[in-house]
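Presented sequentially are two complexes of chain A, the first with chain B as partner and the second with chain C.
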Partner chain A sequence: MNQALLVAKNLGRRKLRTGLMLLALLIAFFLYGCLESFDRAFYASQNSAADNRLVSVNKVNFTLPLPISYGAQIGLVPGVSAVSYQSWFGGYYQDPRQFLIMFASDPAGYLAVYPNLQVTPAERTAWLADRTGLLVGRTVATKYHWHVGDHVPISSNIYTRAKGSHTWDFTISGIYSFPTDPAREGQVIMRHDYFDETVTFGRDTINMVMFTTKSAALNEAVIKRIDTQFANSPYETTTDTAAAFNRAFASQLGNIALIIRLVLISAFAAILLIVGNTMVMAVRERTREIGVLKTLGFSGTAIMMQILAESMLLSVTGALLGLAVAGLLITGLKDVIAGFAPGMHLAWQEVVGALGWAVVLGLATGGLPAWSGLKLRIATALGRI
Partner chain B sequence: MTDCAFQLRHVSKRFTKAKETITIFEGLDLDIPAEDYVAIMGPSGSGKTTLLNVLGGIDQVTDGEVLFNGQRVDTLSESQLARWRANNIGFIFQFYNLMPVLTAAQNVELPLLLTSFNTAERRRRVEIALSLVNLSERSGHYPRELSGGQQQRVAIARAIVSDPQVLLCDEPTGDLDRSSADEVLKILKLLNEEHGKTIIVVTHDPEAAAHAKRILHLNKGVFVDRTVLT
Partner chain C sequence: MMPRVLRQCAALARMNILSIPQRIWMSVSTCFAIALVVAVLLVFLAMGNGFKQAQSSAGAADIAIVLRDGAQTEISSTVSREQVMLLEEAPGIARASGKPLLSAELYVIVDGIRRSNGLKSNLPLRGLGVEGAALRHNVRIVQGRMFRSGTNELVVGQGVTREFAGFDLGHTLRLGQTVWTVVGIFADGGTVRESELWADVGVVQSVFHRLNVFQTVRARLASPAALATLKSHVANDPRLQLVVESEAEYFSEQAKQSSGLIQNLGWPLAIIMAIGALAGALNTMYSSVAARGTEIATLRAIGFGGIPTFAGTLAEALALSIVGGLFGVLAATVVFNGYSASTLSSNFTQVIFTFKMTPALCVRALWLAITIGLIGGILPAIRAARLPIVGMLGEQ
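And now, the complex of A and B:
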């Protein structure tokens, strides 16, 4: 026997109680694993844009159109190195619930503005040559089992074709990966010329101009120049870095980070009270035994460490179980999650963070009973005065 | 006088309860030689358990000196007292006070966790202690699987496993039937006579006291009678 066995034996003396405490901890750390992973994946995609990539949108609201000619005009602004533009297609595959993050864009410009997009030269050429061609992100292709050369019908919940149809036929020209911004692997890009000649409204308009500058140092001047250029026109622009635009877009969903923090704080506060209270009761039940241990020669510090070890073991075990369940769930629902938080997975940052919190929780829940154990007088514990 | 295991010099013990000072004993003197077997008797509230607590370093004296083998122990800190108890004192309680989650052998092994003995040595000592109380075959049993007498014998094994000089016994037969009590008393006598343990027993039971070499009668904090039996 050793002290570790003693700790384990004490935890196992009331299995139901220990099981329920573990369940409470498991739930808290399951939430931690899922929400922190989501938070990291969600904000990683917001912050991954290159420093010199900017976007111009309609000043009133980014959902309102800009003339397609703005793309060419922005391309002429000194300091701008590459320009593209895009329109939101509102696409879905077979069923409106299978929505796609799909844009119509000019192929040459798109590939120039996003040089980190990885596609084979053959696929690149195929897309540039085929008006009905589609560039599909790897996550989407995996989800729907699409391959290069497949013909796929995609519908729009916004646009209509001339004969009243909502469905466009496409040929998959290429399947791309985007290592520097995995979120983009959850997108589908059609050609804007195909879009423009087939839709019944909204022709010659776009939602956004994306462009790069020759250097991030030029951003401020370029932004000022563009917004001044289109000031007092029917389509005034607001220009910002892509990263800032992404953050502003994300914030429209609410302050996700704050919501996640509030949920986690609430969960941990509840667990702290539940487990802390249970630990206090569990140790109080053992008052006499603690008195006996002290009588045998165990010091107050040894008793304190033993109680802290119990609460830490409980907390860390709960954390590992919670993370395991979170990891399994995230892996199992990878395809579903890919639509709004691509690349979400349980990373080492979450594991380290959770274990850190488990130690804090263990200290917090075991602190009071451990202190009581340290200070407990033997005569009092044995009820002998 | 270092042949004395314990010496109490003008020991007083008082405590305050609800603003009232209660005196348990005042100016008590006592010598307990090594290898003595002393029974302390007296009515409830006479101070005998408090005296045992003081001897075991569980309770502090208000005044006076407590010496063990000629060294003062009443001035030791909590952690020093814990070490001193682990090295020198074995305790036997009325209600056994075994850990319910540990087997008999694991209960006996508890005090050895404070020593530097390796696993094999600890196991050897546990086996010896359990065989001394005739419970070798019950080493894997949990306290709930043992009778009261057997539990008390496990408690004795736990008290002697680290080979302390002194055994302090608080009503060791108080919760046992006559035959179990006799068995426990026989073991205590054996430990005193053959293993040289100094034994101090607090008891109400005249038959238990009769096994001792001396009986001290305590009443209202004063020794009113000292009987030498052997």
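And now, the complex of A and C:
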């Protein structure tokens, strides 16, 4: 009879109790898996942006306009390698509630600034050739069942075109994927020349210039040069790395990271208490047996290791089950999730993190009973009923 | 017959509850787990409630708000000077000494630096017409004074000064090429208005290169009933292409639209956590039944029925869950009631709000605790009621 068998027998002796402990652990790690992968998806944009990608926006606020000529002017700044610009279109499809994350941009520049955007060469050519062409992120295309070549009417809740219409006709030139930043697959890009040609106001203005530098080492000098160049003009700029801009933008929604941490701390605290107490009780029930084992020659350390192995096995099993359920749920609800957390998936980060916490939880819940197992004197154990 | 069963139930309930100290750690951990679940639920509910109230309580029934047809929010609306002039003649709008009580407004988003993390956030700078402040019933200046027309003066909602740096009374700040001075702080009962910066509309138009452009018009109605008159007048004038709503309608729609993901997370999260707590409660109650096996058998042998045994165990579970629930409500209220936070509204600007616990929300959260107690008590109570008397007494 080896130690592992003893551990297994101990866990199997009260199946209901073990099952309930596993359920509690499963819940904690299910929440961990879901919330942590949401957190990673939510903050992906600020971590995945290339460190030589920068943005210039109106100094007062990024919703205010800049002249379209700023794109070309920034392109001339030494150290800048590719430039594009965009305007927020306020687009929606059919119903104002089906709003789109839609920008008007210059096609050639856009594709140069985002080299990780993946479209076929044919789609790329089609977009460069068709003024009414639309580049659609994969998530959006799936949601509305759009295909390349489809004609789609899209309305704006900001702009109007001649005769008071709010609706524009587009042809879908391409459907792109963006593996390095899946959040971008939730966007739609129209051409700025089509925008300028049709809107009744806001023509020749943009909200943002996006550009890359030849090397991140040049960022500081380029930022200074641009913001000085436009200082004291009617449209002053503030330039920052795309990562920093995205971080500030994400923080506007609220401190999501803090909310997630607080919920997880609550869940783990509750589960720690439940499982820890149950372990204490389970070991106390076995006091006599531990006495017998010690009489048979098991050392105190061996008993301690047995109890720790038991709690560790329990919490690691619970963690794996919880992650499995979280993984199934995230995969099953993929289409729903894409709407608010594009690119959310369970990855090695969550598995490693969960296993780390499982070990901590295992030590914490098994620690006290293991200690008492180590210290237990045979006479006391056998005397106690 | 019936009273005897009841008396037995009461006796066993009392006995079970008084014996909790024998299983104190197990019981405390269950209480605590339930308290945490209740607290998480209540904090989310209070957050959603505070956010909703900040918006929905801002609207008055006798103030009309006029937007471009098709615009859902102020930020995406535009109204021209010609349209404003037509509205000044429109029926249904209240007048004082011949002048219509109306304010054409411009709404611009500017950056504020959040005190908590030093990052930029969107704040609304509202340019108000002469009548603008008078069209907000509950607004009162709590520090300083109102801005004067034609000057670069700002008054600031007290939510903004609380959450954002650089907007205290007397501070100057640069927006565009202009330096502004904060001359007053206003309060509006915690509504979304306290998240705004106010200045003279003419000055805002010129600083932001938007001469003769407005976004919304607010007007005092001659009476709430005059809304219909104004609505049909605007709808029938092809030059207007505008829609009229009462402020109350507008804000309740805003509250509906922007109750986002986080506000709706409370129940799902709490229910998932409740399942974990339920596992704890079941464990506690099963071990309570196991520990009292001999006692239960003895009681059965001296004539206590199955129903009182069942009721006694259930009472213990309910007592634990109610104590846990009350503790959770108390802790959540003490720590989070009135907690100030902000998030993006559908106007793309920050709404600063405080978490608001209400008795109704506390009761809802308590029901969750009671549900955990009920489910966690019933199964072990059935086991208690069915314990074989002979076997239990024979064991020792």
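Operating definition for what follows: the second predicted complex is superposed on the first by the 345 of 385 C-alpha atoms of A that agree within 3 Å, B and C clash if a C-alpha of one lies under 4 Å from a C-alpha of the other, contacts with A are read in each partner's own complex, and residues count from 1 in each chain.
Convention: a contact is a pair of C-beta atoms (placed from the backbone, for glycine too) under 8 Å apart; a residue touches a chain by one contact, two chains touch by 3 or more.
Because the structure is predicted, anything quoted here is derived from the model rather than measured.
Peer 1: One more residue to check, A:Ile378. First (chain B), second (chain C), both or neither?
Peer 2: In the superposition, A:Ile378 contacts chain B only.
Peer 1: Using the superposition on chain A described above, determine whether A:Gly300 touches chain B (first), chain C (second), both, or neither.
Peer 2: first
Peer 1: More residues of chain A are touched by which chain, chain B or chain C?
Peer 2: Of chain B and chain C, C contacts more residues of chain A.
Peer 1: For A:Asn157 in the superposed arrangement: first (chain B), second (chain C), both or neither?
Peer 2: The second partner, chain C, only.
Peer 1: Quick one: is A:Asn10 in contact with chain B, with chain C, with both, or with neither? Answer first, second, both or neither.
Peer 2: First partner only, chain B.
Peer 1: Looking at the overlay, what does A:Val263 touch: chain B (first), chain C (second), both, or neither?
Peer 2: second
Peer 1: Inside the complex, what are the residues of chain A that reach chain B?
Peer 2: It comes out as residues 1-3, 5-6, 9-10, 12-13, 288-289, 292-301, 378-379, 382, 384-385.
Peer 1: Spell out the part of chain C that touches chain A in their complex, as residue ranges.
Peer 2: Touching chain A from chain C are residues 25-26, 29-30, 32-33, 36-37, 39-40, 70-73, 75-76, 78, 108-111, 114, 116-117, 119-122, 175-177, 208-209, 241, 261-262, 269, 272-273, 275-277, 279-280, 282-283, 286-287, 341-344, 348, 350.
Peer 1: Tell me, which parts of chain A touch chain C in their complex?
Peer 2: Its residues touching chain C are 16-17, 20-21, 23-24, 27-28, 30-31, 59-61, 63-64, 90, 96, 157-158, 164, 166, 201, 232, 234, 236, 247-248, 251-256, 259, 263, 266-267, 269-271, 273-274, 276-278, 280-281, 340.
Peer 1: Under the definition above, what is the set of chain B residues touching chain A in their complex?
Peer 2: These residues of chain B touch chain A: 15, 49-50, 53, 56, 58-59, 78-79, 82-83, 85-87, 91, 93, 97, 99-102, 106, 109-111, 113-114, 122, 158, 170.
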